[in-house]
Amino acid sequence: MDRLLLASDYQEGAHPAVLRRLAETNMEKTSGYGTDEFCAAAGDKIRAACGCPDAAVHFLVGGTQTNATVIDALLGPCQGVIAPESGHISTHEAGAIEFGGHKVLALPQSLGKLDAETIRDFCSAFFGDQNREHMVEPGMVYVSQPTEFGTLYSLSELTAISEVCREYSLRLYLDGARLAYALACEKNDVSLSDIARLCDAFYIGGTKCGALFGEAVVIPDPKLLPRFFTITKQHGALLAKGRLLGVQFDALFTDGLYMEIGRSAILAADRMREAVKGANFCLALDSPTNQVFLLLENSEAELLSESVDFSFWERRDASHIVVRLAASWATTPDEADRLGAVLRRIKASAGA
Amino acid sequence: MDRLLLASDYQEGAHPAVLRRLAETNMEKTSGYGTDEFCAAAGDKIRAACGCPDAAVHFLVGGTQTNATVIDALLGPCQGVIAPESGHISTHEAGAIEFGGHKVLALPQSLGKLDAETIRDFCSAFFGDQNREHMVEPGMVYVSQPTEFGTLYSLSELTAISEVCREYSLRLYLDGARLAYALACEKNDVSLSDIARLCDAFYIGGTKCGALFGEAVVIPDPKLLPRFFTITKQHGALLAKGRLLGVQFDALFTDGLYMEIGRSAILAADRMREAVKGANFCLALDSPTNQVFLLLENSEAELLSESVDFSFWERRDASHIVVRLAASWATTPDEADRLGAVLRRIKASAGA
Amino acid sequence: MDRLLLASDYQEGAHPAVLRRLAETNMEKTSGYGTDEFCAAAGDKIRAACGCPDAAVHFLVGGTQTNATVIDALLGPCQGVIAPESGHISTHEAGAIEFGGHKVLALPQSLGKLDAETIRDFCSAFFGDQNREHMVEPGMVYVSQPTEFGTLYSLSELTAISEVCREYSLRLYLDGARLAYALACEKNDVSLSDIARLCDAFYIGGTKCGALFGEAVVIPDPKLLPRFFTITKQHGALLAKGRLLGVQFDALFTDGLYMEIGRSAILAADRMREAVKGANFCLALDSPTNQVFLLLENSEAELLSESVDFSFWERRDASHIVVRLAASWATTPDEADRLGAVLRRIKASAGA
Amino acid sequence: MDRLLLASDYQEGAHPAVLRRLAETNMEKTSGYGTDEFCAAAGDKIRAACGCPDAAVHFLVGGTQTNATVIDALLGPCQGVIAPESGHISTHEAGAIEFGGHKVLALPQSLGKLDAETIRDFCSAFFGDQNREHMVEPGMVYVSQPTEFGTLYSLSELTAISEVCREYSLRLYLDGARLAYALACEKNDVSLSDIARLCDAFYIGGTKCGALFGEAVVIPDPKLLPRFFTITKQHGALLAKGRLLGVQFDALFTDGLYMEIGRSAILAADRMREAVKGANFCLALDSPTNQVFLLLENSEAELLSESVDFSFWERRDASHIVVRLAASWATTPDEADRLGAVLRRIKASAGA
């Protein structure tokens, strides 16, 4: 039987509806660099979805690129970005923020989330410090929704963070690489409009949510980033055939496809979580979106690796590790059931 | 009648054969970041085409990104890159090289080309200067083939440049954004193997040559860039679904498609050049590849703009400008003929 | 009575013997940029003091500048520098390391010191991480001697750190901004020769140890940094009249002046510590060098500020703060005694 | 007889009056980082000399450092600095501007000077270019007074440049490394007040004009650079014992010393120019300030090098070079006379 490939949510190409639009429009001729009508149409749909008619919408290619470009564009000289210690920019972007000359001010997190009070304490200490002119000034806050742990900020949590940011004149930036999986989650109470209201910039992830690639940066108040086009070019982040991004996001924001993609993945992930529990395994953390974190004994992980591709997440102790499984729009109920079967077999063989 | 859209060579999506491969492979699951089998296969085909079995092949998304990443990776501290004043990195990359901390050492060019003697004189002066330790050291040379003017380095010219580079321990890097249109040109005598033999790094352009996007970086001696993967990540240039690049370049290097794309565009450009001359207009420069440079009186340019999209290239004098028309794999003989008809009409109305 | 000025160890100009040499040599003409005979002589004396006849010695102006220049010069692309969370580069250099494109990998510290095991655990985790190619690679370790807390690495501690560094191919760099106060401390067992043997680069501080300004960078194996002169220039760290640095360090390393300066400050600091204890105040931490950390109630701190300039160090709790007093070569026994008198008066008034 | 050392204007220490003030104030205790009363007093005197009571005055250590820090502080993202091809930042700062991420937009010069029309043409072309959003935007203009060739901008020339800058919203920055030698030159008609009125930022050079080291940055409208202190720290350009700079500039701006230093050097240079002409040698260019450019046959240069230290300036043709001699405040009439004697001897031996 084929291996189960559940290591990440970007293992396939694009959702068939997205690919179809690329094929249908392939021979049309447009101007480059996102100045075409597909980008205009996609921007309109995103503005409407965000309840934010004046927002600037820019399309970039990938997540690290988007984070590095937006953060560099928003920070002033000698400013840094507050982020959770587990944030993607703190850990897995090979120093892309520092390459742009800015420090990541990593603060303690809980299940991938920053707490408004943690930010307030840090800012209060910073702005009260007599030596602050010798220090990197916090200029913005980075959060991700869902987080790298698949967890969600509630509306009240995000509101509290937004309030701290406004109190201390920090920009609030939200990394929505997997935003579809937040928006479609039953437990989520933060809408696109809420994000647009509470944040100074954010991106709606395409790469992990049904597109071949692409992230849509939304800047509710476009006066904030007047030179963003050129900054994007300077970062090597301006796609020549920009319309490819417009076409894809136009498809994603037509007939509710983006939400449908999110829901489909969550359903698959829920079924995977049930399978885990049904096989008497433990979830390593309470993560309601498309990622499933599974606590395994070392020997169980070895057995699992014989038939399932997963991501190593972390070592919990000498005899246990946490592995991550990810569902996407392409994950089928059958795959979840096959995971369950594998897990039950492992448990049975251990008991034998 | 529809406008003729000839402003650039990246107005369409992908060559149909490329798009077809993306569609056929869309639902296959692979690992990310270019570690998949499509990238491996495409790399093998490119190594074979370059006669360079040991080369490292990396796939990036766009041209400015590729230039910025490769040049930053190849230069040491306090080193700069020699480039023609008209080179893409000197003019149209919004300072991407300087963003990485390196100076572009712009030297005079002729029709977009650097001359080996110009480089030698510069290096001889630099390395003989008593103050050279206060100056930016030339660490590499950047050329493009074809150049931004559509012209070609001959094998003897490129060999001479390569010899200067080796004499002064400079890396030689070739920007092949439109390489298909060089390789397929009758007047060209520089093969992929020659490039691989003479250069330390180069890229084979996909974006302007039939792909949706993508550039294949070839490093004949892979020991030269041991940490290129992470550098790519740091530059925001690592595509999550890297296999999209592999699939496209695999298609481009199957059954001679890359050459076919080049030939088709050159044929269309030749037909456009004939149309220009047939209508008694002048070519502004002798450019044998897919770009056509047309000298126009101001009033003629205005008339042309009523039915043709073109690029403004430069003002020649108060009453004349040069415009650029570009052919791609998608340009048809009929489009060239329609251009001729428009030009003849303009000439006729001027004579009336 | 005059205020007691004990806020820092750089409140005066230079030690009189240093200033005298500057005056004596003022009208001599030399070449610039450190190519003069004073720099040569000072370099020889430093090489001798370090037992390191082949070392390269470079003279820079200030501490942050030296850290930023040396660290940038030693790190490769995508590499970061491990430092204690309390290290000067982590906190009080306004992001100078990040400005050069490198991440500070801040690890937990104890009284300003990193522990070899902490570094080993971090490196072991990093080099064992499957995602390490997406992460900033640790390329060097930064320590300071004495630390920002005035504490000292023992020879066995520094040896252990050096061993971890060599195990994982990290460079070890020691910031000796206050090195005189380590070398002259009775409790110190780490000599200049030990530092030169265990570290890949370090600097001997002048600014805080008797010079007007200046730091002497020592690179035991000069092949490590072949282009350091130009890198220094690029960082704006090359002094035109470089001989000023040579003259000062020549004076500091003649007739044991550097050690004498250290001893004198330690004696003054010891007398201050006795005064603190004699007045029934508590030292906030056990710091044997030229800095004295004093635990005060808020009201006591307010009283102290009426007659003494000190540095705020940190808030311990709602009602207590820690203040720092610093002794330098210029601090007199009388000043320590006057501090004692002030403290006793505060205690007495509190008891009244 | 001793060699004549005329290679540069920073071969000695400080003017005796400056050194005396450093000695007199050496044991006073002050706060660090330029927050002391000497810096305050020097700032007041400079503001008065510039007729600019609201200006911010910051003291940095050296010229390259000052250029890199001020230019980085004044430019926005994706902006570059226009400079003459021969400007110090274009040639002899080892890429310090590019290290900060900004491009030097080098324009043709004449005897070291930019022309207002050259700048206007460049800006007009840039702001009229349809591709300007892909290009580095000119954000400021760099000039030096006197220039690297010792020449001077007239008031009308500098006014014209200032007008172009305001027309295109460029900042105008003047590098005054040798400003004393401009201000004291008979042919000069540009006062400090003129500079303060016409420029957005400039610096008054100390290193080459009588100080041990130090440059005074003047920002007529301090709102322009609100975070300059921290930017200075980040660039490693903040001197711990900042008062050393205040003491020196206080001395330089007391009793007309700065002008006296300038006049004395110009007198010596004039006498050197007379000596050159008196010995039937040619001045290579008309330079009225403290630098003397001498055209020599190769064999004459070799003979001269036997008894005089000079700077190689440039090769004029196969048989001629230009050498530079520099006078400073410390150059005596006797040295000029001895130069004359040497030159006459060379001429005589050539005629023999």
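Each chain gets a letter, A, B, C and D, in the order it is written, and its residues are counted from 1.
Here, a residue touches a chain if its C-beta (ideal position, glycine included) is under 8 Å from a C-beta of that chain, and two chains touch if they have at least 3 such contacts.
Quick caveat, the model's predicted, so the values are computed rather than measured.
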Remotest chain, subunit C as reference, centres from CA atoms: B
Interface with more contacting C-beta pairs, comparing B-D to C-D: C-D
Centre-of-Cα separation between subunit D and subunit C, whole angstrom: 34
Where subunit B and subunit C are represented by their mean Cα positions, the distance between them in whole Å: 51
Subunit B and subunit D, separation of their C-alpha mean positions in angstrom: 42
Of all residues in subunit A, the ones touching two or more other chains: 78, 93-95, 99, 101, 133-135, 230-231, 233-234
Footprint of subunit A on subunit D - complex, ascending: 72-73, 76-78, 101, 133-135, 137, 227, 229-231, 233-234
Residue ranges of subunit A in contact with subunit B within the complex: 5, 7-8, 10-14, 16, 19, 22-23, 25-32, 61-69, 93-96, 99-100, 207-208, 212-213, 230-231, 233-241, 244, 330
Complex contact set, residues of subunit C against subunit A: 78, 80, 91-95, 98-99, 101-104, 106, 130-131, 133-136, 312
